[in-house]
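First chain written, first letter: the chains are A, B, C and D, and each begins at residue 1.
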Amino acid sequence: MIITSEIISFFLETRQHTEEICAPLETEDYVVQPIEDVSPPKWHLGHTTWFFEEFILKPLKPNYTLFNKDFAFVFNSYYEAAGKRVVRSNRGNLSRPTVSQIYEYRDYVTQHLVELMEEGITKEIYTLAELGIHHEKQHQELLLTDIKYILGHNPLLPKYSETFDENCIEHIPEKWIAIEEGIYKIGHKGKSFCYDNELGRHKVFVPNFEIRNTLISNEEYLEFINDDGYKTVSLWHADGWNWINENTINSPEYWHNVGNDWLYYTLNGLVEIDKNAPVTHISYYEAFAFAQWKGMRLPTEFEWEIAQEKFKWGLRWEWTESAYLPYPNYHKPEGAIGEYNGKFMVNQKVLRGGSVATPKKHTRPTYRNFFQPHLRWQYTGIRLVK
Amino acid sequence: MIITSEIISFFLETRQHTEEICAPLETEDYVVQPIEDVSPPKWHLGHTTWFFEEFILKPLKPNYTLFNKDFAFVFNSYYEAAGKRVVRSNRGNLSRPTVSQIYEYRDYVTQHLVELMEEGITKEIYTLAELGIHHEKQHQELLLTDIKYILGHNPLLPKYSETFDENCIEHIPEKWIAIEEGIYKIGHKGKSFCYDNELGRHKVFVPNFEIRNTLISNEEYLEFINDDGYKTVSLWHADGWNWINENTINSPEYWHNVGNDWLYYTLNGLVEIDKNAPVTHISYYEAFAFAQWKGMRLPTEFEWEIAQEKFKWGLRWEWTESAYLPYPNYHKPEGAIGEYNGKFMVNQKVLRGGSVATPKKHTRPTYRNFFQPHLRWQYTGIRLVK
Amino acid sequence: MIITSEIISFFLETRQHTEEICAPLETEDYVVQPIEDVSPPKWHLGHTTWFFEEFILKPLKPNYTLFNKDFAFVFNSYYEAAGKRVVRSNRGNLSRPTVSQIYEYRDYVTQHLVELMEEGITKEIYTLAELGIHHEKQHQELLLTDIKYILGHNPLLPKYSETFDENCIEHIPEKWIAIEEGIYKIGHKGKSFCYDNELGRHKVFVPNFEIRNTLISNEEYLEFINDDGYKTVSLWHADGWNWINENTINSPEYWHNVGNDWLYYTLNGLVEIDKNAPVTHISYYEAFAFAQWKGMRLPTEFEWEIAQEKFKWGLRWEWTESAYLPYPNYHKPEGAIGEYNGKFMVNQKVLRGGSVATPKKHTRPTYRNFFQPHLRWQYTGIRLVK
Amino acid sequence: MIITSEIISFFLETRQHTEEICAPLETEDYVVQPIEDVSPPKWHLGHTTWFFEEFILKPLKPNYTLFNKDFAFVFNSYYEAAGKRVVRSNRGNLSRPTVSQIYEYRDYVTQHLVELMEEGITKEIYTLAELGIHHEKQHQELLLTDIKYILGHNPLLPKYSETFDENCIEHIPEKWIAIEEGIYKIGHKGKSFCYDNELGRHKVFVPNFEIRNTLISNEEYLEFINDDGYKTVSLWHADGWNWINENTINSPEYWHNVGNDWLYYTLNGLVEIDKNAPVTHISYYEAFAFAQWKGMRLPTEFEWEIAQEKFKWGLRWEWTESAYLPYPNYHKPEGAIGEYNGKFMVNQKVLRGGSVATPKKHTRPTYRNFFQPHLRWQYTGIRLVK
């Protein structure tokens, strides 16, 4: 049974939280796109709003008038079925619509969606609204990591906050959790919300393995650096070796070698590395090379899912060895919504867990995050298996 | 004799005019850089200010405190001798300093320079202040053309103004002015301000020629388009032909073919082409191909300078056939100021005249503007010689 | 027990077969490298020879003198541990060593290796020689596909042969083979030769599936083309869609649309498409889109290995849905030989089977071939699962 | 009056000399194209032949049968009016036609042209044949410089010859030649052969100048290197500074710093730098920076032409400060031949003189060679003016 007030509250809380994330920004911070992977904050504000307008209000609200007919062109991300759009690398070249116009757009769409839901929520509206809410939560995480990139690559290194704790120290002794071989069930169970890529719960045979209860710390990662990890070709994939050499990479993103010290840009500004904190902002290539150096390996996503009850997680997105592929019997939803996940199932690695930037109620044990193996601007981390 | 009050007034008027140009902008418009040639308006505001601070206040004002020691890194354009700087293509990725901080920076520097000048103007201060003022005037023109690019390439095509007249219709009958062959003197004469590249007045032999009293109109340029000018290889330089094909160019910048009509984006928004207005926003390659099509040619910069008294100019920057080269006995000034002009004297063409965007008291008959042959975002135009 | 005469015969046959493949070439055909993935035939001849010299003769043959000390630089492919090398994209810029010098080099190394083996084969020599032979067989296949690319992209479309049959028509009725769910063992069994990436035989749970006994034919693929398969975005991965659009791809490699007919460049020259032949020279992206269009999918590499006894294979390299990843307990060999397979286990898809270009005794049911998803110059093909 | 036997002899000598230049090559050397500016020798052989076939035999010889109708596609260089062609960067990817087929093509065309001329030479045939001969002579120079590039960038550094003297030591004492200001006539005089770009003899006013009788030597250039010339930004154009930094340039092309010595690759192989020889293989950017460092400048092409009688030249192509522009009243010939020179008159600098690679009877005092300012693979050199 759908409880209208619950979904409306969930919707409104989510919409509000997005705006809270942006509250510390200057107007100028909303506009820029320093690399293609990072979108301008104002684009996220508009895009999450367009999603509700395009997929719910436009088809389902009688007599709905678009806020601005040109906004679909500006705020569509990648939905080919939903028409033409600004090319991704061009998002940071658009000064208009202004930030205040986009906030008006948000209010307009929020209000119309609440109206629609108050008039009576069908199954279809509910499903789409729930998807839209989770979509916006995904963008909340991107907002934080994109803001970090924008400020952290500005020569003035401005702070976003005074109190955002990125360190996430685990404060528990390291140990190895042994899991027995066997057939396990993988994928989402029950009726609660999940993405299409988690469905198709299915059996997998997994051999014996041991997985560490804690993430790799900065201290451990520094040992890898100091042992010439970035200069030892045998630890790296060929693609990874090319990538570190072409981009002159010798430490995680946001690390600055100043004199003999390593400093680290955080949302609270530049600080010293905390050796006890889990390392973060590393690519899959680096995670793999680190594991090689340890003589161990990364978990598969199945191992991770089987073992996750035994350790804490949600601090870092943990790179797995698994490629992002459809589960057996995966079915892409019909229409533009079908472009949400399925079309990315090639050339990416699965990450499991969640991070300090992941909003509440967003991640789950079966959640499959995915990124290309060279990307580092998310709060990624490393867990080992042996 | 240096009259202090005059130079101070000239300085203050110039500083104020820059801010008047920016008055219609939204904060977001100050930030973006859609192509490398276009700088964010806030960068122009900061850079023109940094020029006064770096070359006058820092070396010459006793006890001067820099407004912000990091700003030199952000606002240096290309002065290698003045230290490291943000790479040009990265200017649009910087949300900080904010627009309001830059306005504070402007006020701070303006006030300190007035103080310095009121305390007594040496020849050195005068010379540098005059250069700084003309430098800022150059950036006033760039501000307008960059704003036009930013708004004119936004999918919403917002207006900058309601009253900015770009058309510049000449309202005089076309005729051909004959100039006799002979030895002429070329270059700046007298003691008034000019750039180093205009000095070294020297003799040049020029054969007979006839030059048109009016610029090429949109109507004439449309005939070229309609006669397949953009598809006729024999009219083009090899580099020009590659350029139009690689960039799919078939009309001037800012022209939009809608149905059977040509519309034109101006600072007042999208309007119909006025057939009587001089064509603008064309590259040297297009100007050359047009002249070939007419069976004529572009003037050399010497011909232009000799003939300029006989026609009106200052509506469009007029492409000449001359390459941008040093005059005989050209001497580069010492130090960072020496980087102002000399180091660009290769791979560029000279433009003469001035444009609707050129500020008052800025251009002169001997003024040598220069751009690469493919650039179109300035108000360029065509005058023919036969 | 190692039988010396057998390994020597196997070695000599393989060396000779490589040269037979090159026999129809003109000297000029040995030299060029039209794209980075395709190497000049003379490079293959030298590289396969260098492999024996570098890994066997140099370390293991007493008093061995290198044929030419500079050849290691020229003929190393990607073994970082074996020193510097010519960058891959530069192979086609090298006119020297000449083809005849390389044939001398081949003879020299062949003779010395036979000598070494005749003097007594240790286990180490045997293992390395066997690897070197299989390595050369891999390059025999590449030689054929690279020659096809070189001649097939020459505007004169010269023939390589009169009698090379690429069609491989299966002549059996299509049917679906049902396989029951269960735990299966995957990976190489027994003591015969295999690559390191096939080892670590392990259990995998596989659900029920049905797999087709025949490959997809040109006729079926033409239906996909004619049904606008290349224009239907919902069938494609995002990366695949970008790839076909950026490269203007609308048919398999080597297909030429002439009038209303499709012609196909083969090693025997340009011929009409044979509708009954299995389609070939398609990328993973195209194989995937075709399967989507059929409402089916590609097999995983495990499904393929389990089912392979039931159908004929070895006509086309069959794209699987599996990413190229290490098997559980995969161990990279020590030293430069360890670079053979392991470092490529990211960003590639597994292909199973073999092709018309695969030399005899080279492929096996557990053989794991791998390529990036956009590559088409191998004889790739499509088998479906439902 | 046209003397048939003379033009036929001149033609045959030229054809033969081209083949003599290629005589020392291996077949493989004819094929490769290590950079876009360098064409494969076999392409030069075919292209010079195609020029005679396309512009003389095809239109003017009755019943002439093309040697091979596909060759126009392969051997057209840049004549848009003469149809489609292989893109320039693709010339080194073509193994066919083979070298021996191209020699057959040469013989076929040579023979047919001699036949045509023996039957009676019209003015039109004479003019085109003379142009074709000089065109082939230009390619003779390119053949030598392209062969040098191909062999000089091969890791084996093979020799082309034992006796090719590149040094060209002048053996005369350095002095400065003073030329008085005045009006001078510039451009080709008389009826002998010249290119269209030398015509339009015209008056130019030239101020007083002094020009050096000798070229800059390796010894002088080494002083510039040792005085950190390549690290002193104020000596360079902005484009030149970017070019040396992006390409890590710190010496002329073909120089190798080995230990404390400079070695130099010549057509005779690697030798020590001869300090007395004129420096060569430097770009315009380097020539300009060297002149700046000396406190002098490069000559204009007019100064060079006026002064050339007073010094020896023909050792190096001497960079001038002049941009490559049309002379007053320059007229492009009609048709495809009109593409010979005119369409390159932008973005290039003029070089005067000739070089050790220039064939006999090819250069003249009014000859205008031209290249882009960064190119170095020709035998370029430096003469100074003060």
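The working rule: a contact is a pair of C-beta atoms (placed from the backbone, for glycine too) under 8 Å apart; a residue touches a chain by one contact, two chains touch by 3 or more.
Everything numeric here is computed off the predicted structure, so don't read it as measured data.
K.L.:
On the document's contact criterion, could you list the chains that touch chain C and likewise touch chain D?
P.N.:
none
K.L.:
Going by the average position of its CA atoms, which chain sits the greatest distance from chain A?
P.N.:
D
K.L.:
Distance between chain B and chain C based on Cα centroids, please, to the nearest Å.
P.N.:
Their C-alpha centroids are separated by 58 Å.
K.L.:
Quick one: report the Å distance separating chain A from chain C, using the average Cα coordinate of each chain.
P.N.:
Their C-alpha centroids are separated by 37 Å.
K.L.:
Taking the mean of the C-alpha atoms as each chain's centre, how many Å separate chain A from chain B?
P.N.:
That pair's centroid distance is 45 Å.
K.L.:
Two-or-more-chain contact residues of chain B, please, as numbers and ranges.
P.N.:
In chain B, no residue touches two or more other chains.
K.L.:
Using the definition of touching given at the top, classify the network of chains in this structure as line, ring, star, complete or other.
P.N.:
Topology of the interface graph: a ring, with each chain touching two neighbours.
K.L.:
What is the complete set of touching chain pairs?
P.N.:
A-B, A-C, B-D, C-D
K.L.:
Okay, in this complex, where on chain D does chain C touch?
P.N.:
Chain D residues touching chain C: 26-34, 42, 70, 73-74, 86, 90, 92-99, 150-151, 153-156, 158.
K.L.:
Hey, which residues of chain A end up touching chain C in the complex?
P.N.:
On the chain A side, the touching residues are 78, 80-81, 183, 202-205, 207, 233-234, 236-241, 284-285, 288, 297, 321-323, 325-326, 328, 332, 338-339, 343-347, 349, 373.
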